[in-house]
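Lettered A, B and C in written order, each chain numbered from 1.
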Amino acid sequence: MIALKNIQKSYGDNQVLRGIDCTIPTGSVTVIIGPSGSGKTTLLRGINFLERADKGEIILDDMQVDVEKATKKEIHALRQRTAMVFQSYNLFQNKTALENIMEGLVVVKKLTQAQAKEKAEVYLEKVGLVEKGSFYPTQLSGGQQQRIGIARALALDPKVILFDEPTSALDPELVGEVLDTMKRAAEEVKCTMLVVTHEIAFARDVADQMIFMEGGNIVEEGRPREMIQAPQEERTRKFLSRFTLQQAGIC
Amino acid sequence: MGNVIDFSFALEVFGKLIGYVPVTLGLALSSMFFASVLGLAVMFVRWRRIPVLGQLATFYVIIGRALPTLIVLYLVFFGLPLLLLILSGGKVNNGFNQISPLVFAVLGLTLHSGAYLAEIFRTAVQSVNKGQMEAALSVGMTSWESFRRIVLPQAAVLALPLMSNQFLGLIKGTSIAFMITVMELFGAANVISSLNNRYLEVYIATAILYWLVSICFEKAFQMLEAKMSFFKERKI
Amino acid sequence: MGTYFSLEYMLESLPVLLSYMDVTILVTVISEIAAMVLGSAVALMRIHRMPALNGLCIGYISFVRGTPFLVQLYLICFGVPQILGAFGYADIRSLPVLLFVLMVMTLHSGAYIAEIMRGSILSIDEGQLEAACSIGMTAAQAYRRIVLPQAFRTAIPALSNEIISTLKNTSLVFNVGVIDMLSKAELMGSFSYRNLELYLDVGIVYIFLCLAIHAGTVFLEHGRGRHKNQAAMVTVE
C-alpha cells in the first residue's frame, strides 16, 4: 500500500501541489489524469524524490517518510522500493537492453551477474523482446525502448511502479504495444501501478482507481468506468468530454 | 639554390632528432595522465558544489585557462623551490638544482591542461541527458553509483573528441618545456641548430617530426572515437 | 617570508611591465585582423573545393595544426633569413623582426580561423542561401548579406577563443627578439633575482587581458542575443 498525505509543492509563488491525499492499495492500478500543468507529473516525481515536495508524508507499507525532513538514507530506501517508467524512456544509453534490466539487479539488489542475467531474461521475455537483448537503446524503436523500460522497472520487484506518461513520446502506431505490456504487467505480475497518462481507454479497461487532478488539487476520484460515464464534478466532465470526443473522432 | 637546403645535413639531423621524440611523448603522456586526474577531481568538486573547494576549483579553472603555458611553467619553476624553501623552514635551499626540470615541466603542463580538462569534463557531464541520472536514481542507485556507472561512461565518450584535441595541443605544448632547460624534441633542435649555425634544415626536420606524431595520434583518436561511440549511432 | 618574496617589489614592477603591454596588444590585434581575412578566404576556398587551392589549404591547415607554434616561429624567424641570405640579401637582419612575428602569427591563427569559419558557414541552413537566391540575389550577395553575417555570429565564441589563444602565444615572441613584457621581466629578473614576482605580474596582466576579451565576447553575444530574444517574445505575444 502506498499513501500520500497532504503533499504540497511550490515553485516560487506558483503552487503546483496544494495538499494531495490519496491511497493506492497493493496490487491495484491507479491512473491519474488531468490537463497539463495540473501537477500530476510533479506529484509522481515527488514520490521518489526526483523532485522534492515541500511538505507532506509518503507512506509505503511500513515506511513512513516526512517529505520535509527526509534524510538521504530515507530517500535512497524509498527509491530502492519503487521504480519508474519515464516519458522519454531514459534507458541507459551505454548499456544493452539486457544490461539495462540487469543494472539495478546487480548494483542495487546485489545479485551476481549470472543471477541478474537469468532474471533479466525472464523479464525480457515478459515484454516480448528476447531477441533484442543485445541491442543498444538507439537501435530500438521508441515502443521497444519503453517496453525495456517497463521490464527494467518490473525486474526490481518494486512495491510500486510510477509511470510518467509512458506513451506520450511515442508515435501513435507504437502506443498499443506499450499499453499491452502495461496491461500484462498489471494482470500477470499483479504489481502496484501509479500511472499518469492521457490514455482514457487504458484507464477504463485496466485501472482500479482513477484520479482527476487540476490546478494542484485532486478534483475527483473513483472507479474509472463510473467516472467516465458519470463524472460528479463539472470540471471532470469537461475534461473527459474533450477526450471522448477526440477518441470518437479518431475511431 | 643548392646551398639553401643541405639535404644530407637535414637527413642527419632528422635521424638525431627522432631520438628525442620519446621524451616529448613521455612529457605529453604523463602530463595528460595527471591532468586528467586533476581535471576529474576539479570537475567533481564543482559538480557536487562542495563549499570553498568548489569556488577554489572554479577560480583555478578561470586562471588556468587565462595564463599562457609559459607563464605557468615559469611560475612553477620559480615558485615551487620557494614554496619548498618556506615549507621546510629554509632547509631545502636551491630547489632548482635538486629537482629535475622534467618534474617542473610535467607539473606545469599538468596544471595548465588540468584547467582545460576540468572544463571539458564539466561540459561533457552536463550534456549527458538529465534523464539518465534520474533513471539510475529511480532504480535505487545512490547518486555516486549513478554518476560512476551511468553518467561518467557516457560523458567520457562525449569528452573524447575534445580530450584528444587537448592531447594534441599538449604534444605541441611540450615544446615550451625547453624554456626551463628540458631537453625534448624542440630543445634538442635548438642546440643542434646553434651548434651548426643552420636553422632551416633543423626546424623543418623538427616540424615534420611533430607533424607526423600529431597525424598518427589524430588518426588513432579517430579510430578510438569510432569504436567508443557504438551506442551513439542510430542503426535501424 | 619577506626575504623570499617581496610583494613590494611585485607592486612597483607592475607599472614598468605594463608599459610594455602595447607590444602584446598590437601584435595580437594586427595579426588577428589579418588572420580573419586569411582564414575566411581559406574557408571559402575549401567550401567551394577550388581545384589545387583546396589541396593546398588542407596541407596548410594540417601543418599549422600539427606543429607547435614555437617551431613555426623559429622556422620563419631563423629559417627565412637563411633562405634570403642564400639568395644574396645579406642585410636581412635589418628587417624588423616584428614583421616576421606578425607573419607567423597570422599564418598560425589563419589556419585555425579557417576551420572555425568553415564549420560555421557549413552550419548555416542551406535554405538561407536558397532563399536569398530565390529572391534574385547573386551568390556573392547571398553570402555577403545573408550567410556570412549569420556564420560570423555562430563563430563568435570560437573566434574569441582563438583570439585568446593568439594573445597567449604572444608570450613566446620574446624568444626571437621582440621586446615585450616577458623580455623586460627577464631582464629585470637578471638584476633583482626576483623572477617569481615579475612573472606573477606578467601573469596578472595576461589574466586581465584574457578576461577583458572574454567580457567583450559575452557583451557582443549578449547584445545580439537580446535582439533575437526580443523577436522571439514578439511572436509569443
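Some observations on this one:
In the analysis below, a residue touches a chain if its C-beta (ideal position, glycine included) is under 8 Å from a C-beta of that chain, and two chains touch if they have at least 3 such contacts.
Since the model is a prediction, treat every value here as computed from it, not as a measurement.
Contact topology of the protein chains: linear, an open path with no closing contact. Measuring from the average of all protein CA coordinates, the nearest chain centre is that of B. Of all chains, the one whose mean C-alpha position sits at the greatest distance from that of subunit B is A.
Subunit A and subunit B, compared by their mean Cα positions, are separated by 47 Å. Per-chain Cα centroids separate subunit A from subunit C by 54 Å. For the pair subunit B and subunit C, the distance between C-alpha centroids works out to 21 Å.
Contact with two or more other chains is made by no residue of subunit A.
Interface of subunit A with subunit B (complex): residues 48, 50, 76, 79-84, 86, 88, 90-94, 103-104, 107-108, 136-139, 141, 152-153, 156, 162. Those residues of subunit C that touch subunit B in the shared complex are 1, 4-5, 62-63, 65-72, 74-75, 78-79, 81-83, 86-87, 164, 168-169, 171-172, 175, 182, 195-196, 199-200, 202-203, 206-207, 210-211. Listing the residues of subunit B that touch subunit C in their complex gives 1, 3-4, 62-63, 65-71, 74-75, 78-79, 82, 85-86, 168, 172-176, 179, 186, 189-190, 193, 198-200, 203-204, 206-207, 210-211, 214-215, 218.
Within the complex formed with subunit A, the subunit B residues making contact are 129, 131-132, 134-142, 145, 149-150, 153-154, 157, 230-236.
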